[in-house]
Amino acid sequence: MGEFEDICRRIKSVDIQGAQDIAKAAVRALMLRNDGKSVERLTSLRPTEPALRNAVLFARSNPRKIGPAAISHFDDSIKKIAEYGAKKIEDGMIVFTHCHSSNVVAILREAKRLGRKFEVYNTETRPLFQGRKTAKEIASMGIPVTMWIDSGARIALKDSDIFLFGADAITSEGRVFNKIGSEMFAEIADKHDTDTYCCTDSWKYDPVTIFGNKEPVERRDPKEVWKNAPKGVRILNLAFEGVHPECITAVISELGVHPPMVFLEEVRNAYPWLR
Amino acid sequence: MGEFEDICRRIKSVDIQGAQDIAKAAVRALMLRNDGKSVERLTSLRPTEPALRNAVLFARSNPRKIGPAAISHFDDSIKKIAEYGAKKIEDGMIVFTHCHSSNVVAILREAKRLGRKFEVYNTETRPLFQGRKTAKEIASMGIPVTMWIDSGARIALKDSDIFLFGADAITSEGRVFNKIGSEMFAEIADKHDTDTYCCTDSWKYDPVTIFGNKEPVERRDPKEVWKNAPKGVRILNLAFEGVHPECITAVISELGVHPPMVFLEEVRNAYPWLR
Amino acid sequence: MGEFEDICRRIKSVDIQGAQDIAKAAVRALMLRNDGKSVERLTSLRPTEPALRNAVLFARSNPRKIGPAAISHFDDSIKKIAEYGAKKIEDGMIVFTHCHSSNVVAILREAKRLGRKFEVYNTETRPLFQGRKTAKEIASMGIPVTMWIDSGARIALKDSDIFLFGADAITSEGRVFNKIGSEMFAEIADKHDTDTYCCTDSWKYDPVTIFGNKEPVERRDPKEVWKNAPKGVRILNLAFEGVHPECITAVISELGVHPPMVFLEEVRNAYPWLR
Amino acid sequence: MGEFEDICRRIKSVDIQGAQDIAKAAVRALMLRNDGKSVERLTSLRPTEPALRNAVLFARSNPRKIGPAAISHFDDSIKKIAEYGAKKIEDGMIVFTHCHSSNVVAILREAKRLGRKFEVYNTETRPLFQGRKTAKEIASMGIPVTMWIDSGARIALKDSDIFLFGADAITSEGRVFNKIGSEMFAEIADKHDTDTYCCTDSWKYDPVTIFGNKEPVERRDPKEVWKNAPKGVRILNLAFEGVHPECITAVISELGVHPPMVFLEEVRNAYPWLR
Amino acid sequence: MGEFEDICRRIKSVDIQGAQDIAKAAVRALMLRNDGKSVERLTSLRPTEPALRNAVLFARSNPRKIGPAAISHFDDSIKKIAEYGAKKIEDGMIVFTHCHSSNVVAILREAKRLGRKFEVYNTETRPLFQGRKTAKEIASMGIPVTMWIDSGARIALKDSDIFLFGADAITSEGRVFNKIGSEMFAEIADKHDTDTYCCTDSWKYDPVTIFGNKEPVERRDPKEVWKNAPKGVRILNLAFEGVHPECITAVISELGVHPPMVFLEEVRNAYPWLR
Amino acid sequence: MGEFEDICRRIKSVDIQGAQDIAKAAVRALMLRNDGKSVERLTSLRPTEPALRNAVLFARSNPRKIGPAAISHFDDSIKKIAEYGAKKIEDGMIVFTHCHSSNVVAILREAKRLGRKFEVYNTETRPLFQGRKTAKEIASMGIPVTMWIDSGARIALKDSDIFLFGADAITSEGRVFNKIGSEMFAEIADKHDTDTYCCTDSWKYDPVTIFGNKEPVERRDPKEVWKNAPKGVRILNLAFEGVHPECITAVISELGVHPPMVFLEEVRNAYPWLR
């Protein structure tokens, strides 16, 4: 099996994880083999990953020449996001977050590096407990962190000053698809006038939603929730939900800090090839 | 050790569980020994259980004579609650519930017995997964049931027609203390104009809150949430939260179906000794 | 056919209309014949009329002696409602109303009699145009009146200072069932902080709702909406909808001006036989 | 009378109806005679029709050459709107609509063609009953349709999954002027988190509102509401109301699916001559 | 001039201030002279003071015998209010208050006495700067206090945990009339889910509002706002505004801690002579 | 001391006031001396004045040539703002405003010149009473004006049709920083569906907020609030607060009438050098 096929297999089998690592791997594959069908092949591997699709589109006209720029895009972005986002964190704040987001972690690390004194509240994030990974990483930086069960989010949010979360996809309607729970928590945060930021690479924007396409929501294995559920008990294990843009103060991306409606224009102006 | 002491120990050690079973056991103990200190002793065993305290107060003047009435109160109540609540469930409905409540289960059983065709959405209810018990019981009655992770509640509620939950305590301000998550979900339900009923024996009312006393909220063992949490990760494991009365359509108790503000008057009229 | 049977027929055939006239006629019938079955017979004629049922219950123990009091109850009530309600209308106000309510008209008449300068906005109230009757009666008193189509209610309400409407039934949950549209308009009024009063005889309260019974909502003939609707077009012609108590500032009844939650207690205190 | 004059007369006398047919006729007239005054003449015929004004502005520099493009713009647009909008309709959905909109009907037709199984709830739309036209057209395509009186909209919307409506004009503030009732229903839909789409050709955008100009709202003949209203009864028969942009999920136009704030930028970018 | 007349004069001339001192003085006057006209005379001195009216009504049947009970009522009440209210204040809290209320000050003093560690945010309360009196009294007890201009209330409230205020009158609709600003601040507090308590003697309840009477709102001298306002500048100096009951968590009175709707019933049950 | 230094001193010492006069003075200084350090020097004089910074940035490449255009920018803007804003004011309206804004005054003057009949409600605006200046100016134009204490804003706004206010700075998140109270009043206005316009030169936009920078909020001298506050009373005298964009109908600037989200794009398109 060639290297191209090998990368495809590893993307498909979730051997490679995280929207950005997936996108970078796909560009590398495209740099290896760019015949007529490679683009289609690569983008079909993960239909719920706009970053993968956008990176391949960006590089496809001349992968060998443009590919490296696509790859470095992601590394540059996270640095900028960390820089911009860290300025939102002030001494004495409680930062709330849900699930695990590399961008959010990068922001917290940068804020800590700048000497800000703050603490973090986070959720355990059932069913896969990604919140434990988040809590561990934050604790290891020396930032005080308190973990809550997901259903404790209302109480945790009432005491928090800011809510940071990542994104899996952003639609032309400004809805941010992210780990299930995000919309419920953003709605609660909005009601209490808590600043809420989506921290994300702008390539998570999904341009085909302009034409009415729905963002797919993955239904995952019920066994993740309950391994030996008795017969007769159905389990609906949705991976994501769509956060309404009116609950989001701003999107913090490599393009700066922009409310969702402005972000949508900025991303199209910055990357006119995105379509 | 005498039988009185034995019951005390079993109540204290959570050998006996469920507000009603605890209250009934305490009355039985009081019937065995009613010297000056028994009342104080029994009510101090579980400071977060108004039903225990109220039942003991009710029976204390003459436990042997009045005790049986206190015990049968609980059995009569659940029958009435089942009868009144079942009328709220109509063909085609989706019923949402959180955690495990004997009264809610009794309502669903009665509705099923009456031939209503409906289905149930419930939460798994971290950290102790009481939702699994609920789902199992419901499925065993032949009612279709779908279980969600707690953070999926917003999506589940958007499709539901009615939200039923129990109560651990009700204050003079009309706040219903129940399993953490209840307030967040009731707030979401209220926003979507979903009828929300607290299904409870009225002896969960805590009369000392009239004098400003706060309802205590238990902080449970962090290990319930994460057995081997790494150092530096604090876990706040609150058992309850207080549901605002404006999010509750009505309380369904043995006294009938009354909005919280009317319930507060009804319970005081029905049980003038409650104080 | 005896006179009892004749009254029954006229109630059933909607020859007699208006909750109060129906209730008074039923009491008169009961005064004519009070064998075991009369009560059941009379209350079954109009299952959606709590006033009829309550009046019959009130008088049944001794119709000949108590009947006249039941009848005069309604006449006394409307006078008190007019007196209390008129004080809510001040110079310069715009009063919004929907459908036709004798109590609302009586309030407006009394306010006019007291010399208040105000105007009225009302809806035409499809499908039966009861709003035309309302507009005609108000205009004939010399009060300026502007009629709107039902879908103009939001604009009309934005300029109004107070919203008055009647009631067909009031449940133990404090929901007021009234002409369809009432809930939508009350919700809009509530959002704009417009005082909203339900003007009604308290005998519209339906005590069996305490036991969970649902208030029935009449589905009327589709031909009222569209006489010759083409095949394939279904028409749902609901007569009522239930106004949430939180959208109602107060109920103006013969018992005084009370928010719904207080009204529910007051009506039970005033008429302990109501059950 | 020349053909130019004849078209003007037919536009003025509402012989020609529908924003798009009016605009196309005006362009055809301009192609016949383009002296200095034709533009002014044509745009003054219907001051509440931005589409007419925009089409004439588009074509005026060289009507004979550009005119056909203006005309085909409208036909191309409706096809794209149908295509994009149909993707929003899923199996099992209830679609709510108000009044009659060619774009909404085109979307429903396309969704049906794609094999989607859904049903439609619509309003009768007083005073001119345009909802009957809508219901008839939808029923004739074999789509189940239920018609409601306008004041039944709250109940209808509570059960609906999506609300589609057209537009007469869109201002620089993002307010969509459409048939009276639209704002009230959009507000209710927004409160229940029901996706709400304005389906419209983007040339309904009115660029002079940038300079503070108010969108005129037609006051129509009171006789449309009540032919023989008695003296003293005033009738206010407004044709439109302005829907707040925050109640609109997105505008579906030939430019794609964009929230109002993005739509405003997109229309100005796509048609820089619009001013 | 007799002593009766002297007290009347001093009440009228605002020589005697504070609802409770006024009420006590009036009862003392009534104990001096209780002919037919004294009651009317005394209650007419301050038409916006229900406490005065209620105290006189309470004592009038036999002033010499019952008068002292009326007087001690107020002293007993404030002690109970302080005791109940102090339990609401916990370590670490920020307490927000507006204007000056003896009951609120008594609560803060009691909380301090109990050893609670908290701080207070208060408004300066234009135009008469009663907030300065409040701040001074609180500071003198050793409680940290921060004063804000009235328009800073939103920011102050966002950081506060609880809002305490007094009452001048409470209507049968549950509206609490208090210093202007109270409703605006209570609305903001309600939106942020901040517990809001009205701390008041229950004799502020105004029973004639049951019959529709409006609570009068005093228009005070414009010179209080601007001594030498230029011609052409009108000043509207309203003393009070009515706080909606849904913005009030509970009323803390000598009767206990009750939400407004329950308070209304409790006050009528406790004092059946109140009418 | 040279003229450059003199202007710097006068800007620093608030000898020169008003964002626009400050900006114009700074440009004049730059025209006098444009060595490497002048730009930095000038922009550091008033860190909370984006208009100063933007004007200097605009002119710095060639102050002598471009400077005059920067200066005339402000004069042209206010004329356009007056023209656009005046169209929003209709006969019979009540206009609410807070503090003092040259743009708002210019709009009112223009509306008056156009013959509109309206009146103005304004706040006194503690602690410096800028509202008195506003009231005086408006009264001198012959416009009826009523002044309220700041805490009367809720009542004043309930009767108002439109709320106009200025801006000190606008961030990339669309928050408008303006005199404290503005956010509280805009929130109340939004709840009552009152059109709310920020009237401002677009150079108040602060482009560095794109990179996450926080807009500084000045803490002014406590003595402005209370000259001789007793020891122990702390006074927090914040100058500004940030109005949420969702409470603002549109920004009226020299670029036209645009909702905040569109304004943010328009200002960047119109002035690409702004960064």
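Annotations
Here the chain labels run A, B, C, D, E and F in written order, and each chain numbers its own residues starting at 1.
Simple rule for what comes next: a contact is a pair of C-beta atoms (placed from the backbone, for glycine too) under 8 Å apart; a residue touches a chain by one contact, two chains touch by 3 or more.
Keep in mind that this is a model prediction, so the values were computed, not measured.
Touching subunit B and subunit D together: A, C. Among the remaining chains, those touching subunit C and also subunit E are B, F. By the residue-number overlap criterion, the interface of subunit B with subunit E counts as different, with under half of its numbers used by both chains.
Just one of B-E, B-D or C-D has an interface built like that of C-E, with over half of its contact pairs in common by residue number: B-E. Least-squares overlay of CA atoms from subunit E onto subunit F yields a rotation of 180° to the nearest 5. Between the Cα centres of subunit A and subunit C there is a gap of 55 Å. Computed from the mean C-alpha positions, the centre of subunit A lies at a distance of 38 Å from the centre of subunit D. Inter-chain spacing, taken between the CA centroids of subunit A and subunit E, is 53 Å. For subunit B, residues that reach two or more other chains under the stated contact definition are 191, 193, 246, 261, 265. Those chain pairs judged to touch are A-B, A-D, A-E, A-F, B-C, B-D, B-E, C-D, C-E, C-F, D-F, E-F.
Subunit C meets subunit B in the complex at residues 172-174, 209-214, 244-246, 261, 264-265. The touching residues of subunit C, when paired with subunit E in their complex, are 83-88, 90, 193, 246, 249-250, 252, 256-259, 261-262, 265.
Looking at the complex, you find that subunit A touches subunit B at residues 98, 123-127, 132, 135-136, 139-140, 142, 144-156, 179-181, 183-185, 187-188, 191, 225-226, 229-238, 241.
Residues of subunit F touching subunit C in their complex: 158, 191-193.
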